[in-house]
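Quick heads-up: structures coming right below.
Two complexes come next, and they have one chain in common, chain A, joined by chain B in the first and chain C in the second.
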Partner chain A sequence: MKMNRRTFLKTTGAAAMASALPISLVRMAFGEKSPAKDFSFAYISDAHIQQIEGSKFVRNWDMGLTRAIQEANLLTPRPDFFFFGGDLAQLGKREELDHGLEILSKLRGKIYYVMGEHDYYLDLGKYWESNISPLWYSFDHKGVHFVVLTSILTYDTWTHHTKWTTPMDRMLAMARLDNPEGSPFLVGEKQRAWLKRDLEKVDKSTPIVLCSHSPIQKIYKGWNFWTDDAESVQTLLKPFNKVTVIYGHVHQIQYNQVGNISFHAVMATAWPWPYPKSYVQDPSHLPNLTVPMNRADPFFERDATGWQFINLRTGNVDMHYQLPDNGNRSVVFNRKAGRPQDAKYQGVGSRVPPQTHY
Partner chain B sequence: MRTKARVFKQTLWAAVIAATLVTYAAFAAPLGLPPLPVPADNPITPEKVKLGDKLFHDKRFSSTGEVSCANCHDKEKGFTDGLQVSEGINKLKGTRNAPTVINAAYLHTQFWDGREPTLEAQSAGPFINPVEMALPNHEPILKIVRTDPEYLDLFKKAFAKTGNGITMKEVEQAIASFERTLVSGNSPFDRYFYGGDKTAMSPAAVRGLDVFINQGRCVSCHVIEQTQALFTDNRFHMIGSGAKQMPKNLDDLAAAVEDVKKRGTDIAVLSNEKTSSLGRYAVTRDLTDIGAFKTPTLRNIALTAPYLHDGSLKTLEEVIQFYNNGGREKETDPVPELLSGGIRPLNLSKEQEADLVEFLKALTSAEFAQK
Partner chain C sequence: MKDIRKYSGVLLITLMVTAVLAMKFPAQADEFTKEDEARWTKEFMTVVNEGSKLFHSSSLGKNKVSCDQCHPNAANTHPETYPKFQKQIGRVITLFEMVNWCLRNPLEGAPLAADDPKMIALLAYIHYERRGVPLAPGKH
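Moving on, here comes the complex of A and B:
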């Protein structure tokens, strides 16, 4: 092909830009059998926008979401779309959801929404469903089947219990950690039946990416790092060759491999949680694979918060955590080992020693 | 971890060498400062210091013959120049405020964006920056030092080298050695805090120290330790300075980065405000470093106005108001979107602000205070 000046400028410009910025996609030839194409998307989660009164909102949480959006807007090449992973609001109020949506409106690109318990337990998802997104849905993109679940439902007996004098009582009870009055999360029969029907149409070689707010695995019940019917959902995913579950809620780096299913947690833009194993005296089920992230310096409000961009490489997820003040991390799928692995700290010998005293 | 341990060992080793040298060269570490870090391959000798002093003040190392290092790092002005941004040959302006050389020997990186790791590496940059000393390359310097009889004598004594044996490495090492003698502690704060003299600081400055450590949140980056204070964490933070110049969108950012790649960081950042506002990002290309600049020391800060990387604030009072407003000159300015999570409105009273200024004035070392 003869290159005229115009095409030359265009192509060198694009090449320069791609290498100018820190983020570039790894374009790999994908297997002939796989219908999936490589692409990238970005994931922002757990903003916890909190109203103080009137038009006053907690500055720290506003700044976290704003920063993530500002950084994500600088990604090049552009990601195909974005996910918001749930807990846009702190107490499910319309004011909080509206304020959060206003900040999110600056994000350049399409956003898919996942619902968190902080968005749900005030009005049981009414405002969300009518103004933001369906509670569960699926779509296909470049040969990958995406499924979104609302995994933060719970038993009807709890949700509709007569002990709640107001909807806010119920919201506050679910927003607390270590609450003996709380209740474990649940995908529930209705959604599982929908998921079963949805997946019946999908070829078994099609990569599946399932996005939920809570982990579809059981880690620590006291903080609802837990979904009560996780095993039943996993069973529905078992027949597929490549499955990835991406979840928010835990505000920390976690990853795991259970059979064919890779698990990845995403960061909060609001605040980090400690690892349950450094908090509880008895052992938690934090996945063995996970190399914990550094503890946050509380002076720097953004430390140990962040967001992530994701390369979907031959149908597997490479998770790139953008962590201001904490050092970025990448957890990528190791084809040989058949599981996600931290790009830097994979070997036990090269790991950051965990903090074990409390 | 292994790398960390090695770096620690190196630092420790450097400290041991430094401690030995301090005794040998007979300049004891001033009150409030740690032992001087000196690279193992460039021990300080009186001969090198004398040579470095001469090189630092030689105006022939500029294209016009009018600019030496000392133009922007003037001893009479606390080793700065008192200008908003520095002026090189023909009064050409850069984009950044000249940082003081005093105690630069303790910094882990040099320049506002830390683009050079050592004093040695830093010293060679300004000679060939078009808005500083503007030489086409380092050859004119080598030509002078290889022929000037006075330099030949000094290089022979300092490095036992002569003629073509003299290279930029020796020039850099000599300048760095001279700069390592420009360390200064022993301020009223040091005498109060480390020397046990409770009358060394005024009551207002003592109250200011309390604001500095507590409500003002200053100490989290401008570090004070048990036995020493460098008033820097050697890290990079987006404090709100330069927010107005910062590239507003991807195309602008890509253009600025392209400029850095094409002309090199040193030339690109000093010739373009927009590129300059990228801060540490121009060096690391890490999104979290956009607009982040190195925490400067606060020692002798009363002598080194104006302030911030772009010299945009004229007085210490303005700086404190800037921080009190959460990284904004005016309360009505927009909050910078990429502002560091450490910066937020402080709610200081007028009295607290005034006390803080008094405290900052108590960081002037004895030898500069006498002037």
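Moving on, here comes the complex of A and C:
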């Protein structure tokens, strides 16, 4: 069953806005075998709330998160829950996290949180853990097993290095994406051991959705589009039939298929990032499967930002990107091909000039 | 007429003296050594490094946003395509004008003069990160 955006939006008070909102045609989560298990959820990520001083915050980033929430609140029927995909703050400060939480409090629905490096490296997750969310956990929802990892840890020798005069020195070093003195992300032994135990009790036919901040695959080390122990985590996911990894961090559309695992990046609400190949001094490895998002128009500050509506009709993720200034994109799992594909632009001949990055 | 004749005379004498000197002392205008090149590269890289610092600085604008937040390694700045028709501005501009647009808008700060040492440093860094890419003026 197809629903158009008019029926998809709450009609009360929203009819006038409906034509302006970037809510695409969405194939609803209707079942093939067991309709009871069909559901949808939404994903908002990478808000990078940045304090200027006192109660002043960067307006642009505030507006990105605010807009995503306003749009997500108009979804009807309601998604079962939301994810926030990490990097709520820019420099991990309580003021930034609190301001971000205040904006997020307007979102109608339960939020599951994933931690980003911008949230972590000031106090090593203390405020997050005591006020927002555990750092890693799992839950079951309508027959799907969800796992959340903190994938942005790194080697202890870097985190606890004596060169850091203050915790903010360490935070600033990790916040700089292109820092040659940075350190690769890591899930780490402790979480991998936990994940192994967690998955042991899950039936192999149960769809798995793993949410992390960094990609559990290796794309470009220079900008930490990278998790150093990605292969070890992938190995733990191999025995399952339907596995999807959803990640933030990269601020762009990326998708990939590695064996049984589908990978999807989500957009940032704050700002877009270039594709790594546009930095010509270093080799990088964007998955061939990815049809890039349009090159951003800096003069429209919400361009190439957005959020996602996701359904799990078949146990595989169908990802619907809500993009303010472009046509919305849908990347849907093609069961015949066994991988995610863009519904409109996947063929080389069907791409448009703004998807060329250089 | 009188003036022209006078200047012609001076010019003739100058040329003759130059010719005599040229025979005695071979031209040295373009002679430089590896040490010279090393020094010039060092001078250039000093400015590139200064540009890198500014590009990653939270105090270039007024809202603590830095250039690298959107442009890691100055990617997506496309210096090789300038001058080009900047569709959003509606005329052909050079890169420094686009840098100033960023200073005024995402960084909420003040623009820099074209010959401001800070602007020169920013442009040096942006071009250096793009080294090796063929010129493509006008490309969108």
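Points worth noting:
Simple rule for what comes next: the second predicted complex is superposed on the first by the 313 of 358 C-alpha atoms of A that agree within 3 Å, B and C clash if a C-alpha of one lies under 4 Å from a C-alpha of the other, contacts with A are read in each partner's own complex, and residues count from 1 in each chain.
Criterion: contacts are C-beta pairs under 8 Å (C-beta built on N, C-alpha and C of every residue); 3 or more make two chains touch, one makes a residue touch a chain.
Since this is a predicted model, take the numbers as computed values, not measurements.
Contact with both chain B and chain C is seen for A:299 once the two complexes are overlaid on the shared chain. By the touch criterion defined above, A:273 reaches chain C but does not reach chain B.
With both structures placed on the common chain, the touch criterion links A:74 to chain B but leaves chain C unconnected. Judged by the touch definition given at the top, the superposed model places A:330 against neither chain B nor chain C.
By the touch criterion defined above, A:223 lies against chain C but remains apart from chain B after alignment on the C-alpha atoms of chain A. Once the two complexes are laid over each other on the shared chain, residue contacts for A:66 go to chain B alone; chain C is not touched. By the touch criterion defined above, A:177 lies against chain C but remains apart from chain B after alignment on the C-alpha atoms of chain A. On chain A, the surface patch touched by chain B in one complex and by chain C in the other comprises residues 59-60, 299, 301. Taken in their complex, chain B has these residues touching chain A: 1-2, 217, 220, 249-250, 253-254, 257-258, 261, 285-288, 290, 335, 337-342, 344. Per the touch definition, chain A reaches chain B in the complex via residues 16-17, 20-23, 59-60, 63-64, 66-67, 70-71, 73-74, 76, 299-303, 305, 322-325, 328, 350, 352-353.
Only residues 56, 63-65, 68-73, 75-76, 78, 88, 101-102, 105-106, 129-133 of chain C touch chain A when the two sit together in their complex. Chain A contributes residues 48, 50-52, 58-60, 176-178, 222-223, 271-274, 276, 278-281, 295-299, 301, 358 to its touches with chain C in the complex.
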